[in-house]
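Across the two complexes that follow, chain A remains constant while its partner is chain B and subsequently chain C.
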Partner chain A sequence: MIYEGKQKIWSEYQKEIPEDHYFYVRSCIRQSFFPASEKVFLDITRNRLHKDFFETEHHTTCGGIAYHSDAIPQETSMTIIARQFALMHKYGYENYVCSCITSFGLYTETLETWREFPELEEKIKENLWESCKLEFAKPKYLAHASDLIYKYRNLIASQAKFKLIEKKSGRPLRVVEHIGCHYAKMFPSRGVGGAEYPYVLAGMIEAWGGEVIDYPERRHCCGFGFRQYLIKSNRGYSLSNTHKKFESMEPFKPDMIITNCPGCPYFLDRWQYVISEMEGKTYGENGHGIPVFTYEEVAGLVMGYDPWDLGLQVHQVGVEPLLDKMGIPYDPEKKYKGINNKDLGRPELPTCACL
Partner chain B sequence: MGKLYDRLTQDYRVKEGLKACINCGTCTAICPAAEFYKYDPRKIVDIVQSKNDEEIEKLLKSETIWYCGECMSCMTRCPRKNAPGMVIMALRSLSIDMGYFVESEKGRQQYALNKILCSNILNYGYCVYPRTFASKMHPEAGKIWEWEEKHFEDIYGRLGANLDGEGCGALRKIPREDLDELKRIFDITGATKRTEVINEASKKKAAELGLTEEEYFTKVFEETEKDHLNR
Partner chain C sequence: MDFGYSLSPSSRIDLDLFDRNRFNTLAEIEPDVLKCMACGSCTATCTAGKYAKNSLRSAILYLQNGQDKQALEYLKPCMLCGKCFMVCPRGINTRHLILSILKIYNNAK
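Up next, the complex of A and B:
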């Protein structure tokens, strides 16, 4: 293949990401399980990089989990989405950024469907007015929040206090990157690097000094599966998918995992706990699990935030082995404390106590 | 061509997701659900494409349409740009509309899903909300979640969230007027109707099985009697 041809093909996988001025929308799962990640995202973008990210209390769920669990019709999720877009317009923004990958996929699907079927867009416009008396608008630009951290990765690197490097040996950390399925599997051109060569997390890892691990099941789903997790009797589906990924990555000895979807870090973290309880098996060094992080948490660690301000204490798999490798200081006594050092007791230890 | 097929073709997900399936089976090869369940998206798409209403009705009453995890890996790999996962969503919607979903064990789970998700959305404005994510329903959430559950206010406060608080922030209390708008959206776009259809068919099924509504919820949420697994 001639070089120009390769460049042309690769250019289809690039994503132009506006520098600034975003309407920020939260994620149901990230707020519930990794709330500090959203806080640190806004702190980094607003206070460290001096960008404009606006939030209103009036935005809600996009309904994506209910839609993909068949609980609400497509027309309902589209009208909720139209309401979110209308709020963006009302507050004077054109760039829309969401914290959730399910949302990002659904927004992308919705915009694509409206483009293909203008009569449906008209119907949603009417629904929006009838239900909310809001003016219909579409974003000029749609981003996932990980696109922005990718965009700012070199700025973050320039302010880095720590790198994804083992302090003692100088060895780059071996990092598994896991991209949420709905980021680019449905509409590859909307994600950095597409579905085949997703680069959104790999770019961060490389910019911050780590080494990306390629392993056979790198692109396999974490196993959320919506109804396959939400219903207790279906959870074997979810667990089996995570298990498959861990068995596949184990020989490559990952130091850590970084994810861009809010659900994936929860599943990759909690199913490690379940596997250790069920089978006594752990996948990290010395009987530990492999610590799993959101990209906001990793950006925060690199920039020198206190690990407990990043919410790393609410992971089930302990993060200390990774903090030790990176040479990040932390106070074990403060791990489970509330505001003003309030004593909140401690979580019970899992059977596999060193997890 | 029959009535059920006609109804499916009205669904935008079929309009978008089924153009010209060549039955190559790439979707099945990549599918995480096909590895776990007795599931073959290629066959499902082939039945829909056959336009045979009798076969489509069997599909709508079957277990198989509920096995998909909607990861949409099939959409990436299809050499003809079809989206079997979207066709599945259309089949599920039609199965619910027709009341056929109660004919399968996996379909009956819809009762629990709607109860959990729609009440979270309408009461709190979130699909997932910590106070309704009970550790007894989610033991896999770990010892850490049991601890968090005992100290929600303190822990969310420590992590910079605004649990049930006024104004912006993670897990803020969504204002009443915004929840009212969600309710109106549900009413005019068919979500309220869908829940009514699910509740009515589920109540009938519960009575048929001699179960109270609560027992029925527990059964569909926790129990599996059939062998669904691909082994």
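Up next, the complex of A and C:
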């Protein structure tokens, strides 16, 4: 990688990110996949960094999965989105931040469509009033939650208890960053660093002491793709995409993977198990997989949250080798204990016993 | 374990690994090969294509990707009837192109 060249490109795709006062919207699937990520995001921003992030229980899904699966028409998803924006306005906010990349892409697409076709915006305005009796409004600023963690990366680094560094040797951890396709591939100017060289996660990794890996299939899709995974017979496409990425990153010996999308970490994590069952192959050290994290989980680890409070026990690939590398203490006995020491049950060992 | 789906073989092409000389020679003799827009009219109208794996469109795409063997497979059943020549919207002399491909790629009939 010619670093100077990348820096020039990144400088052309920097977006202004407001410092504070956001209306926060959750993802419909992330809380199942990564149960603590959104909670940790709000805890870091509100309680550690003392920022104003408001959320309401009245918001819904953006309709993205149904839209991308052709289950609902665009006008329906636009009306759902108009309702979310109206809620933001109702509660007195102008900056809108969403947790999900699919949502971010769909919100951006919707705002761009309204800009191009004002008559459609008028129609959605009417739909919103007829269906919800809410006043139409558009956000002054739209951000993805990873933009905010990127914005606060140095603040987080200043409060860091652990760094992305191997404790024993002092070697920076080699980190693969994977950006969700809908973050900047559709509208490059809306992402930090553009579509080809998004800097949003690379910036976090550098600020927290790690080393970014540049590998051939770095910008390749994880394979999530709604149509691929929704239909069982198509899942081979999804799996093959993930396989291609792992084959490409393998020679660079990554210590971990960080992502900013709901689907990417889920599939990069789970498909490692499927590949190990099908091919008998694993990509990490000592027959293990490569641990996959959301950016909130990594921010939480850096700031010293308990790994089990971050929900890392629901990952497919065990995270303990990485915690050991970073020197993060954890209690193995508490791994499968929930709130009030409730037993969460234990997963069966994979038949290959290599994850 | 059977998951009900499987890994597809990789279609990754390493452009540094294949020899482009033969394709460049072809393009010199038959510049029309660069005019193909892969519309598929030739394949749709092909008499043999209904019964055998015969597609000039696919063959050209494979040649551009350096997959010579696969390309020739798609031309083997060709009877040189010339129907594709009549329908090509770019006016490519497809019969002549097919003969040149077979000659250059050492598979002349």
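Just so it is clear, the second predicted complex is superposed on the first by the 340 of 355 C-alpha atoms of A that agree within 3 Å, B and C clash if a C-alpha of one lies under 4 Å from a C-alpha of the other, contacts with A are read in each partner's own complex, and residues count from 1 in each chain.
By our rule, a residue touches a chain if its C-beta (ideal position, glycine included) is under 8 Å from a C-beta of that chain, and two chains touch if they have at least 3 such contacts.
These figures come from a predicted structure and were not determined experimentally.
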Touched partner set for A:65, first chain B, second chain C, both or neither: first
First, second, both or neither for A:207, with chain B first and chain C second: neither
Partner chain in contact with A:278 - chain B first, chain C second, else both or neither: second
Partner chain(s) touched by A:175 [first = chain B, second = chain C, both, neither]: neither
First, second, both or neither for A:35, with chain B first and chain C second: first
Touched partner set for A:98, first chain B, second chain C, both or neither: neither
Touched partner set for A:243, first chain B, second chain C, both or neither: second
Contacts of A:322 with chain B and chain C, given as first, second, both or neither: neither
On chain A, positions contacted by chain B and by chain C: 232-237, 239-240, 244, 274
Touch list for chain A against partner chain B, complex: 26, 28-32, 35-36, 38-39, 55-58, 60-61, 63-66, 68-76, 78-80, 83, 105, 112-113, 116-117, 120, 127, 130-132, 181-182, 185-186, 188, 195, 219-221, 223-228, 230-237, 239-241, 244, 270-271, 273-274, 308-309, 311, 314-316, 336-339, 342, 344-350
Chain A residues touching chain C - in the complex, by the definition given at the top: 232-237, 239-240, 243-244, 247, 274-275, 277-279, 351
Complex interface listing, chain B residues touching chain A: 11-13, 15-16, 32-33, 35-37, 66, 69-73, 75-76, 83, 89, 92-93, 96, 106, 109-110, 112-114, 116-118, 120-121, 125-130, 133, 137, 140-148, 150-151, 154-161, 166-172, 174-175, 178-179, 181-182, 184-191, 194-195, 220-224, 229
Complex contact set, residues of chain C against chain A: 1, 3-8, 10, 12
